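Two complexes come next, and they have one chain in common, subunit A, joined by subunit B in the first and subunit C in the second.
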Partner chain A sequence: MSASFEIQLIAVVVAVTCAIPGVFLVLQRMSMMSDAISHAILPGIVVAFLLTGDLGSPWMILGAAMAGVLTVALVELLRKTGLLKEDAAIGIVFPALFSVGVVLIAQYAGDVHLDIDAVLLGELAFAPFDRMTINGVDFGPRALFVMSAIFCVDVAFIVLFFKELKLTSFDKALAGALGFAPAFLHYVLMGLVSITAVGAFDAVGSILVVALMVAPPATAYLLTDSLKPMIFISVGIGALSAISGYWMAHFLDASIAGSMATMTGVIFLTAVVFAPHRGLWSVRKRRSSQQIVFGRKMLVIHLYNHEGLPEANQECRVDHLEDHLRWDHLFATRAIKSSLQLSLIKQHGALLSLTETGREVARKSLVEL
Partner chain B sequence: MDYAIDIRDMTVAYREKPVLWDVDLQVPPGVLLAIVGPNGAGKTTLIKASLGLVKAAAGSVLIHGRPYAEQRSTVAYVPQRGSVDWDFPTNVLDVVTMGLYGQLGWFKRPGKAERVAALKSLAQVGMEEFAARQISQLSGGQQQRVFLARALVQDARVYFMDEPFQGVDATTERAIVDLLQGLRKQGKTVAVVHHDLQTVPEYFDHVMLLNVRRIASGPVEEEFTEENLRTTYGGRVAFVSALSAAKK
Partner chain C sequence: MEWITDLFTDYTLRTVALGSALLGITAGSLGGFALLRRQSLLGDAISHAALPGIAIAFLLTGSKAPLVLIIGAAVAGWSGAALITTVTTRTRIKYDSALGVMLSVFFGFGLVLLTFIQRQPNSNQAGLDSFLFGQAAALVERDVLVIFAIGAAVLLLMTLFWKEFKILSFDSDFLGTLGFPVRRLDHLLTTLFVIAIVIGLQTVGVVLMSAMIIAPGAAARQWTDRLGRMIVLSGFIGAVAGVGGAVASSMIPSLPTGPTIVLIVSCIVFFSLLFAPNRGLVFRRIREWKAGKMLRVDAVLVDLYTLASQHSSAEHPHSERVLDVMSTISGPARRTLVLLKDLELARQIDSTHWSLTPSGVSRAESVIERQFGVAS
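For the complex of A and B:
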């Protein structure tokens, strides 16, 4: 495998793994929690590193998961005092934990790989150099193995608890009443977010973790109306951001993680504009096509009302419509063109008249009104 | 006597001030009960505490003689409509099927039998043609009926409903009342948080007046009195007497 391929593979696995728990964070309106956790796991990582002297050991993942769950518990505790809202509680807890991590690094781990830049942005480009070797045999980049294992854990959790997660995400009270322990599921989910964050963090840094957890599910949310497709679309968008981000970085000679984050944003914005039902574009198109339908109706009714009357020569002129119906020129042109296309009306010079179909539509519309 | 709902000495405090104080409630089976009281009286809290969703500082709850944890499968709960996110990516049938998750238990997925049951209870609330509708595209009254269908599908013995009439039009309200009275005729017990005092005597046979403490509870004709209402609603005497005038 070439280094370039390995980097892309790692990027895809990281992105896909982040998207899975991200779906439930977005649905439970806890996107900010990913931000908090991905920063707050730092002290967990540092403490585990200081105790074991090994980066990327399972202890580090465990330490991070514990720090993540601690974050959630502290936020919960602060919120329960009723003195501040959840977002404020998050805003207090995670900088506190993050700064503890930063101080610990500066004090005790200054000369190892754990430096602040790597923490924020990661360095995917170096990931292929850290190999997984057993008895001298090279199995591939270590990050790929770690992340794939986390991916399997995430998938197993979602598959096993799909029904329960759906219920607690939608209606926590009913989940509780039916005995589904929503608090327990919440902490397990947060534990997963933490494990995923620490795995991803090593490769891509904490900022990208947030982008990868939140942006693909938020994009998928615009594209579908049901949960399962939302998960698959999120995963697909994660993978797409990873690969396109890699090539963007390649051509611009930029940071891979940064480019991936940019791509998640670009894809999200594209969805905001072009999503089939919820996108700005289709909302606009729908509105304008509804307006044209309405315009056609007004037009045929107007022609119908004046049909065969002495003033018809006046009333049924193209230019008169603009005054009488208070239409701007562009809209009048479009309504007339569309009515002509559907052969609701005929045009002789500047004069319009109804066809038999047009008369029928006018009668029907009058009844509807 | 075997009460369907038997709440004793229930006290709940979110902070230092109690929102429920030493509340007792005994409801015999086969009763349609209105839980009535001003905003913030603790009606929602009473239901949540009964279902173990809120921790009570003191008190006990028995459903048909046994603790709620043992009776989950025989109790259905309709939360206040506003308590969930109606933009959630799912459809009507799916939401109704959630009522059956409790019977399915952990891990087991709903299948055809569950869908059939869910469709049947959607039909009971007149919503079968909405089965595939995305839930964000429902009106308030339709949302309420979906919630009702979700409770009906559980085929419970005891129902707790938090403001099922909130935001529904007169026809729908009438249809829901008929449904509830149908449940009572089958011997089920239905406790409903209700805000419209005028319709209490018409719709319900028992009433509980609540304002942090239990003011009264029992058959409507005995307990739904002007004096009890005055105690429950405190200062708003003019409103209450206008109401009792309307009653006559």
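For the complex of A and C:
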């Protein structure tokens, strides 16, 4: 396997693994917990490192997971005092824990390979150099194995607890009432987020973990209304961002992790604008067509009301619509043109009159109203 | 106590401490408003979103002058905040997701630009990455002057629009009904907020700036219910943390300034949550304990009175055992009976028998009247 292929493979596995717990974070409105956890695992990693002296040990993952759960517990504790809102509690806990980590590194681990740049930013380009060798046989990059293991844990969790997670995400109270222990599930999910974050931070750094966890599910949220497709779309977008990010970095000679995050953002913004049904573009188009439908209805009702009456010559003039219905000229023109096209009305110079279909539409609309 | 003299004589320490103090005041004051408007995490997002602005400003001008970079950072931070608002108001995306996406994507894009700049030949880019983690020790007089000028302008505007911002924070609909331009005032406050954040980036760094915004306000909020006092206190706490961090990191070798400032301000928050009068947890617990004691006193008093009412005299003695059985409070009645004796509401006849005193009788009557609305 070439280094380029290996990097892309690792990037895809990282992105996919992050997207899976991310779906539930986004649905449960806890996206910012990924930010908090990915920063706050730093002291866990440092303490585990200082105790074992080994950067690759499973103890680091355990330490990080514990730090992640500690973060969640601390936020919950602060929030329960009623003295702070949840967002402020998050915003106080994770910088404090992160600072503890930074200070510990500066004090005790200054000379070893554990600098803050690596933790925060990651460097995917170096991942293929760290090999997994057993009895001298090279099996591939270590990051690939670690991330794949975490991926399996994530998938196993989602598959085993799918209905519990679904219920908790959409109706926490009902889940509690049915005895599904949403609080327990919450902590397990947060533990999972922590494990995923610690696996991923090595490759992409702690801040970009947030991009991979939140942006693909948020994009998927714009594209679908049901949970299973949302998971698959998130995973797909994650993988797409990983590969396109790699090539963007390749051409710009820039950070791979940063490029992956940028690509998740580009895909997200594309979905915000162009998503079918929910995107800004289609909402705008729908609004404008609804406006025209409404304008046609108003027009035929107006004509129907004055039809055959003495004031009809005055009321049914084109320019009178602008005064009477308070329409601007452009909108009046569009409404008239659209009604003419559907042959709801006929135009004789400046005067408008209803056709038989138009009269029918007007009657129906009046009944609807 | 050497550090006190150092604070005034040592050039580096004086500059760093002064710069950090000014940042603390500005960030603390504006952060107080953000806390009340529940926009704490917006500060986090803005500080991350500022990163590409710094890189773009450098790419466009080739200059590393603090003012140029600050303007770039402010524009990027502001766009991040505007995008968050647009996405949350115009699509179904929730606020937390919008924050997370913008924060990390802008930061990632900033990282792309920074690494891109670093790999360009002949560019004088060294020091740009100090924005990531902050480099308080690198503050020079010119930086402090810029921070002072901008910070003062921000605080001046905040004071000028004080009453508008006050109503905006507590009841923005009301502000609208009074005829003020709510949206424009909202934009102004957000702009001031963005500026307060970006002037601190070089010192504290993108990652820890959010603590400088949130923590002082959260601490100050515990001590007072008045906006004016809270904002002043918040600025003061920010300044104390700034100076404290600068001094501590100058005294202890390899102690980075930014994280130290954050740890100090976190300790202040912790202390405030525990010991602030009224809201603090310790005083709240004491109050609850006292209230609980008085509730037990009243309950046993009423029990004694009920027993006594079946006898000719209100001061008829009764056995502790009977009260134990009657009582709705948890634990033996004796604990509370001792309290009653201390308050001279009851007296002990022998080792197990108690009776009401005249003042106990009248208090019991008033308690019954209060609880049931009738005097028995």
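One rule holds for everything that comes next: the second predicted complex is superposed on the first by the 290 of 369 C-alpha atoms of A that agree within 3 Å, B and C clash if a C-alpha of one lies under 4 Å from a C-alpha of the other, contacts with A are read in each partner's own complex, and residues count from 1 in each chain.
The rule is short, and it goes like this: contacts are C-beta pairs under 8 Å (C-beta built on N, C-alpha and C of every residue); 3 or more make two chains touch, one makes a residue touch a chain.
Everything quoted here is computed from the prediction, not taken from an experiment.
On the superposed subunit A, the positions of subunit B and subunit C stay apart, so the two partners fit side by side.
Touch criterion not met for A:8: it reaches neither subunit B nor subunit C.
Of the two partner chains placed by the overlay, only subunit B lies in contact with A:224; subunit C stays clear of it. Contacts of A:339 after superposition: neither subunit B nor subunit C is touched. In the overlay built on the shared chain, the residue A:17 is in contact with neither subunit B nor subunit C. Touch counts on subunit A: comparing subunit C and subunit B, the chain ahead is C. Once the two complexes are overlaid on the shared chain, A:196 sits clear of subunit B and of subunit C alike.
Of the two partner chains placed by superposition, subunit B and subunit C are both touched by A:29.
Once the two complexes are overlaid on the shared chain, A:234 sits clear of subunit B and of subunit C alike. Contact with subunit C, but none with subunit B, is seen for A:261 once the two complexes are overlaid on the shared chain. Figure legend note: subunit B and subunit C, brought together by superposition on chain A, show a least Cα distance of 6 Å. In the superposition on the C-alpha atoms of chain A, the part of subunit A touched by subunit B in one complex and by subunit C in the other spans residues 29, 221. Chain contact summary for the complex, subunit B toward subunit A: residues 14-15, 48, 51-53, 69, 72, 75, 77, 79, 83-85, 88-91, 94-95, 98, 101-102, 104, 106-110, 134, 150. Contacts from subunit A toward subunit B in the complex involve residues 27, 29, 82, 160-164, 166-167, 169-171, 173-174, 176-180, 221, 224-227, 230.
Touching subunit A in their complex are the following residues of subunit C: 35, 38-41, 43-44, 48, 87, 90-116, 119, 129, 132-133, 207-208, 210-211, 213-215, 217-218, 221-222, 254-256, 258-260, 262-263, 266, 269, 273, 279, 281. By the touch rule above, subunit A contacts subunit C in their complex via residues 26, 29-32, 34-35, 39, 78, 81, 83-85, 87-88, 90-92, 95-96, 98-100, 102-103, 106-107, 110, 116-117, 120-121, 207-211, 213-215, 217-218, 221-222, 248-249, 252-255, 257-262, 264-265, 268, 272, 278-280, 283.
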